[in-house]
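Let me give you the structure first, and then I'll get to my questions.
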Amino acid sequence: MVSVELAGLKLKNPVMTASGTFGYGSEFLPYTDLEKLGAIVVKGLSLNPRQGNPGPRIVETPCGMLNAIGLQNVGVDAFVKEKLPKLKGIKTQIIANIFGETVEDYMEVAKRLGDSVSAIEINISCPNVKKGGIVFGTDPNEAFKVVSAVKSSTTLPVITKLSPNVTDIKVMVKAVEEAGTDAISLINTITGMAIDVDKRRPVLATITGGLSGPAIKPIAVRMVWQAAQVAKVPLIGIGGIVTAKDALEFIIAGAKAVQVGTANFMDPDSAVKVAEGIEEYVRKNKTSVKELTGSLRV
Amino acid sequence: MVSVELAGLKLKNPVMTASGTFGYGSEFLPYTDLEKLGAIVVKGLSLNPRQGNPGPRIVETPCGMLNAIGLQNVGVDAFVKEKLPKLKGIKTQIIANIFGETVEDYMEVAKRLGDSVSAIEINISCPNVKKGGIVFGTDPNEAFKVVSAVKSSTTLPVITKLSPNVTDIKVMVKAVEEAGTDAISLINTITGMAIDVDKRRPVLATITGGLSGPAIKPIAVRMVWQAAQVAKVPLIGIGGIVTAKDALEFIIAGAKAVQVGTANFMDPDSAVKVAEGIEEYVRKNKTSVKELTGSLRV
Amino acid sequence: MQSVSSKILYNEEVLPRYFRLGLQWKTPAIVPGHFLMVRVSGSLDPLLRRPFGVYKVLGSKWKSVFRGTGVELLYQVVGRGTKILSEKRAGESVDILGPLGNGFPDPERKQNPIMIAGGMGIVPLRLLAEKLKRGVVLFGARGSSEAGIVKGFRGLGCRVKVATEDGSIGRRGLVTGLLKEEITPDSPDSVVYACGPVGMLKEAARIAQAEGVKCHVSLERSMACGIGVCLGCAVKTRAREEFKRYKMVCSDGPVFDSKEIDWEAL
Amino acid sequence: MQSVSSKILYNEEVLPRYFRLGLQWKTPAIVPGHFLMVRVSGSLDPLLRRPFGVYKVLGSKWKSVFRGTGVELLYQVVGRGTKILSEKRAGESVDILGPLGNGFPDPERKQNPIMIAGGMGIVPLRLLAEKLKRGVVLFGARGSSEAGIVKGFRGLGCRVKVATEDGSIGRRGLVTGLLKEEITPDSPDSVVYACGPVGMLKEAARIAQAEGVKCHVSLERSMACGIGVCLGCAVKTRAREEFKRYKMVCSDGPVFDSKEIDWEAL
């Protein structure tokens, strides 16, 4: 039994694709079987289209990569009109990842999505322009505001995606739960930096970027486990998942579902392979994802 | 020119070994030439000897490792009496890394060191037992107290080693500077976790451990760069350094010196190779470590 | 079009640090300019695939597309990934994903194709020359040994001219000098195909545009996915609408009309 | 004693997933029980070296130490590191650090050495048998194919007895059953050398201690440094002073007196 129910969503298996690593979903049609996925989380959407950052936007690091895409996207309206129809008829859940620079931005994006998708994932790792650029996701009060606002703007299930760049993830978990989030996904990328020694310049045009990939897995598993100690809503584990075993670490630590991110770049069929591997494990061990969730014996 | 002066210490080159990865120094005599190092930072010392944690204490992770040694050490007195004499006559600086569970512990260890070493590095990544286990290094007020106390207990230069498990490293930099630290080293390990999927148990006996190695380099470089934006005292960069190029990233980001940690396990001659590589780079590029420090063009 | 494990037929050092890599692969339709994303090892480090152009399609002649039993890549060892690749031996396998990207558009019937390459930029242009069987290949090499790469090109049915920086073979100087001579106001209607270092592409584009000649450039950017989803390989274009300004080298390119590119930003 | 790059002489699969790896190396003095830390690749992943015992010293006879022109390791492919190692071929190189640790102490002149091994635990005991040229080797194998490992041992001058779990060859059951028969109250003064899975070591230690016979066990723990500085390979002992309780398998061991170990904690 690999199907899970999460915040009212029925997923055929616990494996989703992570936002920003799977485009708008349809790009993967030639490469993998989308129907074998629990859900697809699409690229972060903003109110207006965004051009993103200048290049270089990515750099490889030991067992990981830094990215500074700058949240380039077509905007919520174009997504609903042009991108979403391409997934029509495909039997999996579609989750929209949204972000903004003000609380109002977030609300408006949520409204415009209407019920075109199955759920909304709020990316709170964005600088709050009104608050002088402090990131929504590192201040529990600001996080509370965003999540409450989005909740009041949609009837869809709301997942809040936490930033790992905090001293105590449990404080953030409590804040967004109080704001009414239906589920929590974690972690987003960790802020990092790479320097081109010969040029004495940052490799990325934006100086710092977000670290993802296997390198961050131990940190992500730790944060999911810490979150699980206090969370009442379901958790979705993210960070460096490449294999089914990686995913199972998160599930055993307390996640009801997982997202596969950077691994999609290593192999566009990664997420499906993770889903198949979990199914095999569950079958062999005569267990279920439900039973495995939070089964860590400490 | 690779020699640097740091907090009153003259180092023949900017390369030190990181605490806990180089024993008490003498263990490396058969493997490397200690006199080619800028300084040796020895295993963390406490007031009384400590037995450390049960095993397993280490586990490999993608491009990194987790450790939960539990700060096993012979205690400050045995260090001064038995370990330090083994390094007698070796021409390099010896720095003692110290820790405690109370402010008083830290003070007493510093006192007992007297002037037996060249400098003291304070590890503030330890739980404060009097403060209910909250880690000294994640609370600027507690960090301030420890550093002030150590400063008042020694005439040696004091380096404060920061924990990366915080939302804003700049706050910590300011706090320990205010407390009078002569230099700042960063980063210590990042809290992480690994799970044995088949046993459904944490791999480490202590559940979580500290992540080190190349995996964390982008995070460490970012933190050194952020610290450099506000720091007035010299910085020592640590985290995932394996090659001279890695070390130069930290130096260009703003570090006056670096420490090589986990790489000592990959090759006991690593730190010397890093030092030699920096020397070669400096010679080829007709520059100096001083000139390179903080030379990042953003 | 999934990621496939492909057997290495040969992996030979043809010049110091230059390797020909033959891969067994029942290829889908390939056109010149297509590239592959190659996973150089099963390890998590290096993590990402590496992009390489298709140099030859094995067991295939041009017939509206190439469709063969394998491909040959030509690559230079420049860093960790290519180093690891160079240590692979015949019989081992590597994972490949492709063919990816958009190839070079055809010249018009009466147009004279001028193919200009610097260094490894020769890779997609060799396949283009094999397809077009006419025109001229201008190759900028560092020295006579690198220039040797184009020795076999004459059999492809095109002219070949070489420039080397040290003048050890062919014309002394930059390959763009040769381009200037090929596109003169009284030469026949031309179209330029260019691949190589940014400086060369910029200059080739400038020369072509100054003469009112169309120029197709194949660009390189660091890539993570190769299929247009990570948005990592962005290149700035002159698109009027701001949010359409960044195009992806992997999926919108790697071949672009030189006029489209914002050369200042490159 | 620095880390050295050592050429692979051979790397053969002698049984499914079991490899003999010959390394060219002008060895320092080696005694049975010593191990090496091997870096299986130049990549950062896997990051750490892997520990392996010395199975044979090539080009050397026992003469108070072994000192040869190479070593042979015998290893089983169990995970990523050993997988990568198994793909190396003759002529390639690996980095090795060693010899490390403390070997087995000598038996007294009149003592009968009983060497008991399970699985890969046979590695250090083969070298010990070659040195002692007497006594008995008891080998617990999973089946007849694994049992084949000790075929050549008789030439070493010791007796060899095998137990397999499935009884396909030798005694059916656990190898510790054989140990019980060898140490009887009326058998000559014995000393036990044991290496293998924890369960086996525990039982061997129990049997030996019950008969008042000394038992030397060689332990395995995950290692990072191999030289006693990371304090990662700790094993709990019965040391009276609390802060001396954890000893390092790499530098205090890997060979310990069985009485020293806190078997409950293992």
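For reference, chains read A, B, C and D in written order, and residue numbers begin at 1 within each chain.
Please note the rule applied: contacts are C-beta pairs under 8 Å (C-beta built on N, C-alpha and C of every residue); 3 or more make two chains touch, one makes a residue touch a chain.
Since the model is a prediction, treat every value here as computed from it, not as a measurement.
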item: Farthest chain relative to chain C (centres taken as mean CA coordinates); value: D
item: Pair of chains joined by more contacts [C-beta pairs], A-C or A-D; value: A-C
item: Cα-centroid distance, chain A relative to chain D, in whole angstrom; value: 47
item: Whole-Å gap separating chain B and chain D, where each centre is the average of the chain's CA atoms; value: 36
item: Chain centre separation (chain C, chain D; CA means) in Å; value: 54
item: For chain A, residues that touch 2 or more chains besides their own; value: 62-64, 213-214
item: Residue list for chain D, restricted to those that touch at least two other chains; value: 44-46
item: Graph class of chain-chain contacts, one of line, ring, star, complete, other; value: complete
item: Partner chain B, residues of chain D touching it in the complex; value: 1-3, 39, 44-49, 95, 97, 221-236, 242-246, 251, 265
item: Touch list for chain A against partner chain D, complex; value: 62-63, 214
item: Chain D residues touching chain A - in the complex, by the definition given at the top; value: 44-45
item: Chain B residues touching chain A - in the complex, by the definition given at the top; value: 61-64, 66, 138, 165-168, 190-195, 197, 199-202, 207-208, 211, 213-219, 221-222, 225, 240, 245, 248-249, 252-253, 281, 292, 295-298
item: Contact set on chain D toward chain C in their complex; value: 41, 43-46, 84
